[in-house]
Amino acid sequence: MKILVINPNTTASMTKKIATAARAVARPDTEIVAANSQNGPSSIQGFLDVATCIPGLLEEVALHPDVDAIIIACFDDTGVDAVRTLVSVPVLGIGEAAYHAASMIATKFSVITTLSRSVPGLENNLMRYGLVQKCARVRATDIPVLKLEEGDPATLFKIRSEIRETIEQDNAEAIVLGCAGMANLMAQLSKEFGLPVIDGVAAGITFAEALVNNNLSTSKIGAYSVG
Amino acid sequence: MKILVINPNTTASMTKKIATAARAVARPDTEIVAANSQNGPSSIQGFLDVATCIPGLLEEVALHPDVDAIIIACFDDTGVDAVRTLVSVPVLGIGEAAYHAASMIATKFSVITTLSRSVPGLENNLMRYGLVQKCARVRATDIPVLKLEEGDPATLFKIRSEIRETIEQDNAEAIVLGCAGMANLMAQLSKEFGLPVIDGVAAGITFAEALVNNNLSTSKIGAYSVG
Amino acid sequence: MKILVINPNTTASMTKKIATAARAVARPDTEIVAANSQNGPSSIQGFLDVATCIPGLLEEVALHPDVDAIIIACFDDTGVDAVRTLVSVPVLGIGEAAYHAASMIATKFSVITTLSRSVPGLENNLMRYGLVQKCARVRATDIPVLKLEEGDPATLFKIRSEIRETIEQDNAEAIVLGCAGMANLMAQLSKEFGLPVIDGVAAGITFAEALVNNNLSTSKIGAYSVG
Amino acid sequence: MKILVINPNTTASMTKKIATAARAVARPDTEIVAANSQNGPSSIQGFLDVATCIPGLLEEVALHPDVDAIIIACFDDTGVDAVRTLVSVPVLGIGEAAYHAASMIATKFSVITTLSRSVPGLENNLMRYGLVQKCARVRATDIPVLKLEEGDPATLFKIRSEIRETIEQDNAEAIVLGCAGMANLMAQLSKEFGLPVIDGVAAGITFAEALVNNNLSTSKIGAYSVG
Amino acid sequence: MKILVINPNTTASMTKKIATAARAVARPDTEIVAANSQNGPSSIQGFLDVATCIPGLLEEVALHPDVDAIIIACFDDTGVDAVRTLVSVPVLGIGEAAYHAASMIATKFSVITTLSRSVPGLENNLMRYGLVQKCARVRATDIPVLKLEEGDPATLFKIRSEIRETIEQDNAEAIVLGCAGMANLMAQLSKEFGLPVIDGVAAGITFAEALVNNNLSTSKIGAYSVG
Amino acid sequence: MKILVINPNTTASMTKKIATAARAVARPDTEIVAANSQNGPSSIQGFLDVATCIPGLLEEVALHPDVDAIIIACFDDTGVDAVRTLVSVPVLGIGEAAYHAASMIATKFSVITTLSRSVPGLENNLMRYGLVQKCARVRATDIPVLKLEEGDPATLFKIRSEIRETIEQDNAEAIVLGCAGMANLMAQLSKEFGLPVIDGVAAGITFAEALVNNNLSTSKIGAYSVG
């Protein structure tokens, strides 16, 4: 099976990290096609970026017509509804995938994301998915998305201290990493803190495999119908 | 004061109808600037149109920098969050405006919209605004948006029969017209059925005047902040 | 148009402050009639005052039969449902008006009110309106309502320090002033703290103008019907 | 123990029926004091009656200072919060009591009440108590409250046919009689339809006995505090 | 009337404490039959104990066929639905009973329970009953259930300090003791802290008496039906 | 990887059907171990069966200590929390798995289950998972679980007609088959009705594979911790 994992910002280093995370969990017979938008914002931080990245995302999707599933690798799940309407294969956002995974292994989880201004959009998504009641808190580290690409130790330090606070204050039983740019930290942090740490890219790839193996695709009656 | 009312589809006849509805309620000293996107879908029906109309909408907004408030005249409230981030004046979607107006004059309202595939998006919005509990039901007439432009008597007949069912079955105390293309029907239907019939364009214009007169604008800390 | 703004307590100095706030935002052609109950509690603090102020409020409403809209200038929105049943013009409580205004310009707001014992009543209202999910927190300053009339600097100091805490702790993007007696502080605090500060009197007047200009009034089928 | 059961309307025949229902379930050592307001509406139908009955209710409460608990025998639970603030003994509304009883013996109940215009107020109460999710539906028979006093067979016929519809359509497992004027029908209808039929007067008396025997009274910190 | 109060763990000292609390509030003509499971866990702490105590609980219930009501004296309300299906008399869990009692006398309550791992189960119950919105917080003392049997002063000290924090931080107006093993502390703590402190055993017994006196039993259509 | 799929009733023919459905979607390198309880009810219909099947289920789980994930193949998700506490591998109920799958491919789904008395338990689960807002309706066919084993054409006819009503009345975009005994119908009904039809066994197996490949297991801090 072939899965398109698409980074809706234009930062190639992030796409590379996403591809690595995707391939690390994909089945041997799953081909991962990693791509990013050619036009649009270099990172998606807040409602304006969420909107302006859409054309580039849809163009990129159109370039890959022969895939079995699509993962939108932006934690805001931007464009998921539009892409579901456009194509007939399963489509998952990485925020959505991570929340569903967390709900299957913990009674309560917290999200650790980048900027404060992204928090309300994530809370909207959680409410819409119904999973807001499983989420103890969406926490911002105030690390800009692209800062994650620099490998600065201070960045990891901030994420770690936020996880520590989460465990102490939120009664969260699992941590969701709230940005595709954190995909590489999952294994390390999980081990260090002794609780599940969930990366949406990995969750998305494996759930897409699951849906395809179930022969399930987006419903084409109702919200995602066309014509 | 100058209010930009922007139709995010490219159908000029609809923009004209919207402008008329806006001017009918605006204060004498309010200047209504009506515009529509130059690029994008000719009507907004479902999640794909909601996404693809965004670039044209943002371009059109950028052409009118000197306004005191902006109304997005699409009942899906598409792009409202992005425009709020882009500008510093108050921004209202017509769906949002209509729901707030209905909540001020009735304990329960129903929405009568166009196609079935638009219903889930409207329900998402209602949930997000918190006003879903005031909404008895979102009903589809299965009239395509552009059909409303043709003035076909069968169209009005369908809307009327849906209102009749709403009154009989939903215990709704007010009706919200769920499409900018129905803006011209408000007065007539309200009189005919003896209950408030709410048009989002009119509600939006007058609420925008209210916010401006309150000296209130979109908060620029948090979700709608930039940089 | 003529709008009755009615203070349901008997404290004339508060009515005067309310009238000033109302006139500051009203359109030139809007006549503001400010009145207060002749009988009943001198301030409304808690459920008992909310109930005992009703007869005086209804008597005062009956003295002004020729108005186009009515604002109940008590942040508990006491008597709003009863007055809506009694008259046929639009009726708004100032709590309700402030919450709707806040919801139009921010994703999350906090309320700063007087005594702790008023908080549960406000939370009940927010839940009923559906807007509780937009409210980060209702905070009590433990300043009695009538203390606000004395112009004591310590009072303003307390309100300010509560706003500061709100910004730091609640992630609120806007502040709602939770008492008609704070109507005079809106402009000053908004400027000082750099975020929207909303007064329900001002919001109520301008939304009433909006509803009247929309030709919308309280629905008379269902909850607010008579006979 | 002495329990005051107070009918907040002025119709003595209804008070008599309430007293009978109360005494039928009270313990031998419980003295039932039944009273009604001397001033106010003769029946409570809709938000205006709910408000205007308050002064008469509070006056009547004040005439009975030496009771161990108070039942407000109006299904709208009007004045419950005010009376809780006024006195220091437990206070229960009959709507509230009935909903709690129903929640203890069924996963889902329906309410059968009088006029349609009372439905939104009951739904507000259910939402506030949190028990709305246990309520399948609040159904109006469109029988005016005082019509229940006439013993017209057509009245009972209507209630019966509404119960039948409830069982067929709502999946309700219990029926709540939504008016103090139906207190005499509980036993008969329960037997006839083979499911629990709950009268709030009976539920209220026995729950008040329970609270008194638990030595529990209304909390006097927070919402119901004074001074 | 005869009420079976059944402790679904095998610790006889706890059953004795429960019996004492039950008899302290029961009417003179109510016979309390206290029993505990003969097989199963010695305390119920977390989801595994909640499940494994069921067979012993059902066996014990079957040994007492001639009772008028049954109280399940475990704060997790384990087995309540099963026992309701098995018998035809009213059945109440002590968690459920305590939450309903608290809702009748306060606008907001907090729960003070034993181990952290029991908190999510209690929160699930509160959500299911609809009473989660009345609950400010479920707090764990991290005192194991059986530690409560030892009468160690440090245990009471911990409970006291948790109550103090609750009053300061949660705005709770009443405290619910979240374990049958705390049944003996109700009177003392209520007096000491000046707010209602609720024990589910006492609440359960008196509510069971109330339901029996109302002639109300579990509905046998729907969820609790058999065959 | 080895996945234990365990049928918590004692009907071997149903276990066989479940095994077939599981193997149909499992990866070539996944070994499916299908088992059923040796003691307990022959079908799980209502709250009593849900409780009494637990000991047999836990015994069976204990017989298979070396598996990588466990699927509880009862649509009530009975025992899932207990098994999660008992083991350290991922555990999924088939109801839960089906609801998550449906939420990933449709904005609204309906459930078609067996007896009416199972509906409230399923609704409780949906509420607890947060996915109740995605569920249009849980519909009972009133087909007993074991009747599904007989291959009676009337059974399939009833399921079909319920699906037809769902599509016409509920606006559901996907159908969830609400019983492990319907696992064999997924492909056929999906094709026939042109919308996704979801079987929880298949969804559960593939999601378990996904979690294992993510290296994610049940959190052992909080609700599912031991000792």
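Order of writing sets the labels: A, B, C, D, E and F. Residues in every chain begin at 1.
The criterion applied here is as follows: a residue touches a chain if its C-beta (ideal position, glycine included) is under 8 Å from a C-beta of that chain, and two chains touch if they have at least 3 such contacts.
Please read all numbers here as calculations on a predicted model, not as lab measurements.
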Within the chain touch network, how many edges lie on the shortest path between chain B and chain F?
1
Taking mean CA positions as centres, which chain lies farthest from chain F?
C
Whole-Å separation of chain centres (CA-atom averages), chain C against chain F
51
Approximately how many whole Å separate the CA-defined centres of chain E and chain F?
31
Mean-CA-position distance for chain C and chain A (Å)
42
For chain D, jot down the residues that touch at least 2 other chains.
107-108, 116, 119-120, 127, 133, 171, 222-224
Which word fits the touch map of the chains here: line, ring, star, complete or other?
other
Touching pairs - complete list by chain label:
A-B, A-C, A-E, A-F, B-C, B-D, B-F, C-D, C-E, D-E, D-F, E-F
For the complex, give me every residue of chain D touching chain C.
46-48, 50-52, 54-55, 58, 79, 81-82, 84-86, 116-117, 119-121, 124, 127-128, 222-226
Residue set of chain B touching chain C in the complex reads 25, 27, 90, 92, 96, 100-101, 103-108, 129-134, 167, 171, 173-174, 187, 190, 194-196, 198, 202-203, 206-207, 209-211, 213-224
Residues of chain E that touch chain C when the two form their complex:
107-108, 133, 171
Parts of chain D lying in touch with chain B, wherever the complex brings them together
116, 119-120, 127
